[in-house]
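So the structure is just underneath, and the comments pick up after that.
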Amino acid sequence: MIWGPDIFILAILVVLAIAAVISRDLLVATVIFSGYSLLMAVAYVQLNSPDVGFTEAAVGAGVTTVLFILTIARTARMEEDGS
Amino acid sequence: MSESLFGEDVIVRTIARLVAPFIQLFGLYVLMHGHVSPGGGFQAGVIIASSFILLALALGLPESKERFKKTIRLPMESSGPLIFALIGVTCILAGGYYLQYGIAFLFPPAVVSAILISAVEIGIGITVLAMIVTIFYAMAGD
Amino acid sequence: MEIYSIRPILAVVIPFICALLIAVTGEKNRDLREFWTLAASVLGCMVVISMFPHIYSGGKYIFTVAQIVPGVELGFRVDAFGMFFAFLSSFLWIVTSVYSIGYMRALKEHAQTRYYFCFAACIASAVGIALAGNLLTLFVFYEILTMSAFPLVMHEETSAALDAGKKYLAYTLSGGALVLFGMAMTYTLTGTLTFASHGFLAGHGSEQLLKMLFVIFILGFGVKAAIIPLHSWLPSAMVAPTPVSALLHAVAVVNAGIFGIVRVVTNVYGIELVADLGLLLPLAIVASITIIFGSIFALAQDNLKRMLAYSTVSQLSYIILGAALLSPSSLSGGVAHIAHQGFMKITLFFCAGAILVQTGKKNLSEMHGIGHRMPLTMIGFTIGALGMIGAPPICGFISKWYLGLGALEAGHPIFTAVLMASTLLNTAYFIPPIYNAFFKEPEGDLIESREASWWLLGPILLCALISLIFGMVPMIPYTPLQLARTFLGV
Amino acid sequence: MTWASHLPIIVVLIPLLTAYITPMLGWMDKRICNPLVIVSTSFAFIASLLLARSVLTRGVISYHMGGFAPPFGIALVVDYFGAYMCIVISFLTLMAAIYSREYIAKELHESKTAPYYTLLMLMTGGMMGASVTGDLFNMFVFFEILSISSYALVAITGKKVAILASYKYLLLGAIGTSFTLVGIAYLYILTGTLNMADLSVRLASLYGVGRSSWTLLVALAFFMVGYSIKAALFPLHTWLPDAHSMAPSSISAVLSGILIKVGALALIRVLFNIFQPEFVVETIPVTSMISWMAAVAIIVGSLFAISQVDLKRMLAYSSVAHIGFIILGVGLATGYGTTGGILHIFNHAMAKGCLFLCAGAIIYKTGLRNIDDLAGLGNKMPFTMAAFTIAALSMIGIPPTAGFISKFYLGLGALETGTWSGWVFIGAILLGSLLTAIFYMRVINNIYFKEPLHREDVQRDETPLGMLIPILILAGGCVIFGIFPRIPLSLAEPAAKLLLGI
Amino acid sequence: MVNFGFLLGHYNYWAVVVLFLIGLYAMIVKKNLIKKFMGLNIMDTSIFLFYISMGDVEGGVSPIIAHGGGSDVIYVNPLPSVLILTAIVVAISTTALALSLIIKIYEEYGTLDSDRLVELM
Amino acid sequence: MKIIPSIFILFIGVMLAAAVAGMPEFGDPNSPANTHIVPYYRENSLEETGVTEIVTSIVVSYRGYDTFGEVTVIFTAGTGVIALLGRK
């Protein structure tokens, strides 16, 4: 049995994912999501896939985040109340 | 987003201007070394695109667009798949299967193969670069 | 002897082509359009007649268009019975075309192009049904007939007409779905759908399954044949223009249902199999019920066309009864009745139409004394009505006689009693109008009315005359009775 | 190698190459786009016909992409079904392209002309690619090309409702994409291959073996869900009515006519090419499950269609019902049933394509969408409405239109199963076609038998010729292929036999 | 009864399942449209993680032949990486299109709440 | 109102868990995924394509057609965004 990505990384990933989902401030959520992607990239590299890690870092943490931010800039920053 | 995200901060503007070429250079490196180390056309395209995104964030959209005009982007967008497809068609014409790089065409197959693979990588890079920047500009608005 | 010939498809395609020409000509050139109508009817009839000698001498024509499923083509196979029906439809079409032109012009109806187009399509598909060589082809034309008769029912575009059209479609499409189901079932069992002289279902499937399948077929075709309780679309459909009611709802469409039933009984199941399965008696009982109740419903009608519609319901089941009793006499009587009923009923409807055109009256209670003003029309009516009752010397008597005889031959005298009862009921609803027409004085607007134009009168008198001839001299060659007997070999 | 052996890639390349050069040409002159697209789809159509001929004469064609033998490289595998789909796709796209010339000029802003044609060609290329591929992951990639271009095309008008419809479509489509990706992962982890033929061989040893059969089942379930979303199979059809009714009509015709059928193609590939028929039919009765679902789809889709007031929405719900017919035929997994299902792909494509194009013509001429407002159009646009009627009859399944043939085959297939459920299915088919009759007849009644609201509406005002021609061709096809069904059946029948292995 | 070896031997598959469900939850339950697509991205990355995990081999190195080792070097499975490179592009493409649609929706409707959008539709 | 989606998600979770249960162990070098096709790439990719990085060699040659599709996907997405938001 190998312990490729530390079980820690996986745990933090789950925590970050939950945080990104429940955060009501979309900008905060996006930043958390960016961190999540970066950590995911680290996990990929740990799993011996530097190519994917590289791409995920550039796309997930980079471009996707920028696109999310642009969207938030052009729409609303906060989630509306469910009522 | 016509204004820069950071206002008229001189330091940010200068650093962005300085850093952008290096990012682009790094992108080119990734592109060229795709066949020996992680990376390739797609990653290179994203990296170079991010330099323009950085410029747009630091200097404002108009200046960024000034450096990467629509008239240049438009042919670049199509070039990747077009190069891909045309190389494939060339392979067919040379008597192979679609995308069979190892064909004898002016040079020995191994050389042709290397050239064509590089061409494909460059094509991918160009398209990804142009497309991501275009998407970014379109979503950033005026 | 079977001849591979293009004639069957010509008989179908020529009217269709004419229908298209009618549609293309449109409202711009009415004379040309009506010329196409006449041309279609005459040409269609001529093609059918051209097949007559060969068929009469016991031969067959075949033609296949395209394969649909392995072993089943879209194809034609003309035999005597089909020929009989095709000839009846196409001949009556000529008469009705003439009548239609007079009728539509007199009433200045709207959307005449649609009317003539659909009419031609209807008859073409009726001929197609008659000449079809297998169940699938029959079904194809059966459904075309359904769809092309539909605009004719809705012709008036009043809310009553729209409702009648919806009702008509609901009934006939459901019937069509059942036929399709039965057809698929038959194909699954046997791998073929081609009509065979003695049926092809024998030896396939369990007895239960075959019985159920038979019921499905009867229900499916029974809708168009207006078997009670599937008949209720027919009286509603009487909102259609009179020529439509006359030719389609008294002859072509409803007989298509009858034709389908007879085909299923004789050429799909085969008479022996049907007899073995014990399905004939229930069928005869259903037919009897329809005969009696159709007449009873007719008694209650005041609207002339609705009354005639119920009369149609009742009379059609004579044919089914004839087929179900399965004795030589009953069969020949039944088959002959297809033509007899057609000629008589068309006369009656033509009269109703002529009255409508001249006086605008639809109800019997408003027609008192009309015999004084429109004597020729009412003479035609009287001949038709007496024929319906079964009074000699009109052709209705002949078919009823043979049916009664057949019931005795088959050993079911009870059905003779049914025929008698029906005769009484027929008398009860046909005699009062005739009495009122001739022996009461006209009142109101009727005083002013006159005989209809020869466009309308000619067909009436022709059909009445033919009914009379068939009844008076049934033994000369080529009368429906003789043809039926020849075809059936009795 | 002869040029003919390259046909599998050529049919994919023609539309894609057109798509790549369209933006540049469109930038120079917008008027070039349409002729270019028409010419290229015509070539694609011809190439598809040649491909079909070559498949019919030589059997299944396998094309080794890049010269690498499968399973190491990607292989294109064109069987009868794939060739058949190519013909349907290129034919209907050609019709839509001809129709677009005048329709798009009015419907879309000038600046969107080039993107419109680009996306149309990308969608066609995606569908072609998905039809001819023999590699599971490659199919996923081409599905994304066609999905993403169709999301964009639904919203391309920029109308308020269209955007939301597109969003809804995208959301469900993205879930479907992810699900198929999971399915691919599970199959890959079990077998280590992505080539369909190789998969089916290697999976055969895993059926019912220990725990890995669980993974297999879950993979199958994820594929079913993922591709059912793309195929809009009930109950995952919820995106369809909005998307198909809000898209430009030429696009609706392509979406309803063929795009959802490509989803059905993927389902068929997964069921019969990857998993063996004996597994999905007997070991676990997946096919009978999807047959039941399809039967429900037929009834529910038709019932929903009856309650619609918007013409295009009604047509869209009718598509839900008719994808049910197709999937039902496939799920029956009998010779006639599957043939009927495959045949219905073609027949429904023509009829529904024609109907949507007619609806587009109505909107183009009058701006009306509401069924009750259509009164009197029979006189105003006689040819369009005649075509509409013929296509509607084909949808109902009235002979001699093509719809009847597929209905008949489906009925035969249902009976061929020889079980009580077959009787239920044939009941569903017949009831479905009766319900179909209800809502199409309502439209036809309005067109022909109702007084128009405004007297001036009765003036003849026919659809422009450029839009009328594809409509009439499609309507004519409905009749011709009803009388001569052998033409499509010559491909559909061997396709079904090959899929079922009989 | 619980087989820990079995549970632990699959531990990052479990993480994948959890992340997948979080993403799916966000996509289905969250009302904000942007959040839904963040959920999609989480879901997609979890699938990517799954692919990468199944390609990894105990003691393997990344699949670059230039590592110089002889034939005894174990490389990890490169194929999942290849597939994921493509899948990442698909994900970013879908996201880009979705976000542009969201921008348009906000322009037209002035809200990004799916419940309110249903009301406004 | 959140119950139905939650049940659905839970159901998906159970399915995924069931699937995980049937998989080869994480990192197992003898799993089918690692033994079936991949050894071919390891052994032949360098001489067949001349690229030392196996991932790149697969991306551009063995699965070059996928990459072609991938480029087309991003081209599609770009065109779609332009169609929606206009070319800026």
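Per-chain residue numbering starts at 1, and chain names A, B, C, D, E and F are given in the order in which the chains are listed.
Throughout what follows, contacts are C-beta pairs under 8 Å (C-beta built on N, C-alpha and C of every residue); 3 or more make two chains touch, one makes a residue touch a chain.
This structure is a prediction, so every number in the text was calculated from the model and none was measured.
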Path length in the contact graph (chain A to chain D, fewest steps): 2
Closest chain to global C-alpha mean, per-chain Cα centroids: D
Inter-centroid spacing, chain F versus chain B (mean Cα positions, whole Å): 23
Whole-Å gap between the CA centroids of chain C and chain D: 43
Distance between the centres, which are taken as Cα means, of chain F and chain A, whole angstrom: 19
Shared-contact residues (touching 2 or more other chains) in chain B: 36-38, 40, 42, 77-78, 81, 85, 88, 98-99, 101-102, 132, 135, 138-141
Per-residue overlap in chain A, given as positions that touch at least 2 other chains: 1-2, 4, 49-51, 55, 59, 63, 67, 70-71, 74
Of all residues in chain C, the ones touching two or more other chains: none
Chain C-facing residues of chain D, complex: 336, 393, 396, 398-400, 404-405, 407-409, 411-412, 414-416, 426, 430-431, 433-434, 437, 441, 445, 448-451, 483-486
Residues of chain B defined as touching chain D within the complex: 74-75, 77-78, 81-82, 85, 88-89, 92, 95-102
In the complex, chain A residues that touch chain B: 50-51, 53-55, 58-59, 62-63, 66-67, 70-71, 73-74
Residues of chain D defined as touching chain F within the complex: 16, 19-20, 23, 65-66, 68, 71-74, 111-112, 115-116, 118-119, 122, 125-126, 129, 135, 137-138, 141-142, 144-145, 148-149, 151-153, 155-156, 158, 163, 182, 186, 188-193, 202, 210-219, 221-222
Residue ranges of chain E in contact with chain A within the complex: 5, 8-9, 11-12, 15, 18-19, 22-23, 25-26, 30-32, 34-35, 38-39, 41-42, 45, 48-49, 52-53, 55-63, 76, 80-81, 84-85, 88-89, 92, 95-96, 99, 102-103, 106, 111-113, 115-116
